[in-house]
Amino acid sequence: MLQLLLAGVAQGCVYALVALGFVLIYKATETVNFAQGDLMMLGGFFALTASVIMGWPYWATILFAVAAMAVVGMLIERIVLRPVLGQPAFTVVMITIGVGYMLRGLVTMVPGWGTDTYTFPTPFADGTFKVGEVIFAVQQVAVILMTAALVAGLYFFFRYSKLGVAMQATSQNQLAAAYMGIPVRRVNMMIWGLSAGVAAFAGILLAPVTFVHSNMGFIGLKAFPAAVVGGFGSVPGAIVGGLIIGVVEAFAGRYMPEGFKDIAAYVVVLAVLLVKPSGIFGETAKKKV
Amino acid sequence: MRFLFKTDYAQDLRLFKHSGQVFWYGLLMLFLLAAPYIAGEYLMSQLQFICIYSIVGLGLMLLVGFTGQISLGHAAFLAIGAYTEGLLQAKGVPFFISLPCAALFSAAIGWVLGLPALRLKGIYLAIATIAFNVIIEEVITRWEGLTGGNSGLHLKPVELFGMKVDGDQSFYYLCLGLTVLSILALMNLLRSPTGRAFVAIRDSEISASCMGVNLATYKTMSFALSAALTGIAGALYAHKVTFISPEQFTLIASIELVTIVILGGVGFLHGAVLGAAFLIVLPQLISLAKDYLPSNVAGSGLQAVVFGLVLIVFIIFEPLGLYGRWLKIRTWFELFPFYRRGMFRRQKSYMKSERLR
Amino acid sequence: MSFFKVENLGIRFGGVVAVDKVGFEVKRGEVFTIIGPNGAGKTTIFNLIGLLYPATSGKIFFEQKELTGFAPHRVADLGIARTFQNIELFEHATVLQNLLIGRHRHRRTALWQELLFLPSVRAAELAQREAVEKVIDFLNLAKYRDSLVAGLPYGVRKVVELGRALATEPKLLLLDEPSSGLNPEETDDMAFWIEDIKRHLGVTVLMVEHDMNLVSRVSDRVLALNLGTLIAEGTPAEVQSHPAVIEAYLGKPV
């Protein structure tokens, strides 16, 4: 059973990272980015290119993919989202869906990428070790540790850096933040860059498991339940929610009839929405008339 | 330029605001009625699809455009309508009973989906509808005894009062008739208290409830009506494609349905029809263009890219959709040469937290 | 028989006591105003009466019926209408449609009848429009009848907000700062309308207001609130000269 837990946590880490990516964007701009999964996919492809086609070592690959995706994220914000600043949330969601479509389509058009599925080499490919009764795959442990490191880094960033605090301000009231001298549009752009970078990181961690292909991003859909369960708009919530969904899926796959594994996340999220929509860490706000 | 002088209340209630509208819509109806005699088989097939998706568009427009809710899971209702029709037909139930059954069953499920909507707004509602879609899809797939699971379900042609509604002509008239009835029903709804209540809920829930609008009743009603229309479209869809399987009703399908509403123009009934037409025509245009493009561009990804691009471009540059653009063009002609560019411009605003809407 | 009574009303939001043991009675046909500095809890009282928030203590009685546990739309059905401080109109509808929604509680038609637009629906619609015209005439909104609310100036919107509340044909009208944001001329118009509402329409008015001129001009009785508690009640003159009220607004003399 611990084995299952481990598998669930490892998978949950990936969900957590994707959820983290769009909670960041949601916190700053109240935009829900349906393309987060596809950003992850693109990050995976960048990493693939660096690693296989250009032959760089793993760590350089990570840096390259994250940096490249950060640029892509910022460009997307600048070109596609800034013109619709101030429009209702639903339209912005549809724009991100459009972005997702474009990313998936464009990836198949790039020579060398296309519609094939690629394996992604990592330094931890096959090792396992045993602690007591539980077999740990090095791969899984690496995913968990790297996720933890990233989350810790982001925590300190938001708590103690000027940019992090500025991001929190813009998320609550853009106009007021602007009056306080925060360059709201630039901050939004950087949030997207950061979020895309996190997505790239998630893609790299996911690639060994699902392989790199243009529909890899659909797993990103599971990140929505993760973010909701943890509390939309809460960074620790995204992590916790992702882990919960990962674990629930692992157990559903083992103990429940076939097919439940795929919908387990959605059943959980429906239950949470009906009982406590704000999730574990989320906050409810009511309009004051 | 036309001026409308209103002299009595009844004038406000009319379906056609002035004689010009009667003329043009009449012409359109004549053209549509004559279509089987002048159009080829391919065009007829497309027209049937446009009718079917228009009905879905109308259902979604009611829910999203007029009541201000969100549904990214409407393909589930399409599936419910399609499978209900298929299963009832297999049992020998006549069409004029199975169609209302499909509509009513969809409405019931829609009503159920409306219940969580009472407490959820915005992204939470969207995610709930996504979850709903995925779960329904899975239920259909797993319940193989009933639905045939992944092997799908075959349908025989419609039989209406003993006549086989086979072939392009009669099925087309069936679809067209149902579309026109749906449009009329919705137009009637919008000029009566219920329609106004829906619009009130869209614009300000709190003051709607303070004016006596029972939010619970009307929100679930909107979901139910929307689902009913989509269920009817689903039944027609099932007969059109004659073979249904769960993978036709995924989340991707739901998103395509929503784009009907967005591309057509949120908040206008015409938008549903225009959006449906656009959705059907676009892949055809893309296929035509493929011949002129280099091979790796003209692959399977082209449709996704164009689709995404069209969506983005429309939302940024034409938020009022196709019908909005048509309104602007018409106004330009009507007011010539006094048309001003800012006439339809929405006031640009900074984002205020919608968590406090 | 009491028309409208509030007893011991209180609400707390977490640790903050917004309204504390407030009690007052409004007689039928009078104009009763609540004044007080910002943050005194005046709008909160309105929200409590409208059942938008559940009170943590106390009771509200309207025509001897206790208002607890209903949904807000039932309050409208009973004959209580309100306006909002920050204007909650239906932006993407015309003025006429906004007012027609005010008639919602008078509808008599069912969904299936409306889908078919039966003659009964048509007749009902014509009757509603006639009723709304009376409000439009009363408030001089005729030239804005078919304009979208989104494009109207603030002063006109406030009048539309009032019109929508009047369209419900209320017995009790709650006005939340009717003159805020209006220039002196518009405030004058508002004063005339409130007097007309009282005298010709026979509607009881419960009002929250800051503009003391308007208050002295139209009110029959005034209640002063500070920090959620009642500090004075009486005629406008009495309350305005009450030492506690002066202290609340201007502070203690040094």
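Chains: A, B and C, in written order; residue numbering restarts at 1 for each.
Here is the rule we go by: a residue touches a chain if its C-beta (ideal position, glycine included) is under 8 Å from a C-beta of that chain, and two chains touch if they have at least 3 such contacts.
For clarity, every value in this text was computed on a predicted model and none was experimentally measured.
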Most heavily contacting pair of chains is A-B
Relative to chain B, largest Cα-centroid distance belongs to chain C
Per the C-alpha centroid definition, the whole-Å distance linking chain A and chain C comes out as 48
The distance between the C-alpha centres of chain A and chain B, rounded to whole Å, is 32
Per the C-alpha means, the centres of chain B and chain C lie apart by a whole-Å value of 39
Note: chain C residues in touch with at least two other chains are 52, 84, 88
Among all residues of chain A, those touching at least two other chains are 289
Chain B residues touching 2+ other chains are 206-207
Touching chain A in the complex, chain B uses residues 64, 70, 116, 119-120, 122-124, 126-128, 130-132, 134-135, 138, 141-142, 206-207, 251, 255, 258-259, 262, 296-297, 299-312, 315-316, 319, 346, 348-357
Residue positions on chain B within touch of chain C in the complex are 9-10, 12-13, 185, 188-189, 191-197, 199-200, 202-204, 206-216, 221, 267, 347
In the complex, chain A touches chain B at residues 26, 29-30, 32, 80, 83-91, 93-95, 97-111, 114-115, 172-175, 178, 184, 214, 221, 224-225, 228, 232-233, 257-259, 262-263, 266-267, 269-270, 273-274, 277, 285-289
Contacts from chain C onto chain B in the complex sit at residues 50, 52, 71-73, 75-77, 81-82, 84, 88-93, 96-97, 100-105, 107, 109, 111, 114-117, 121-122, 124-126, 128-130, 150, 164, 168
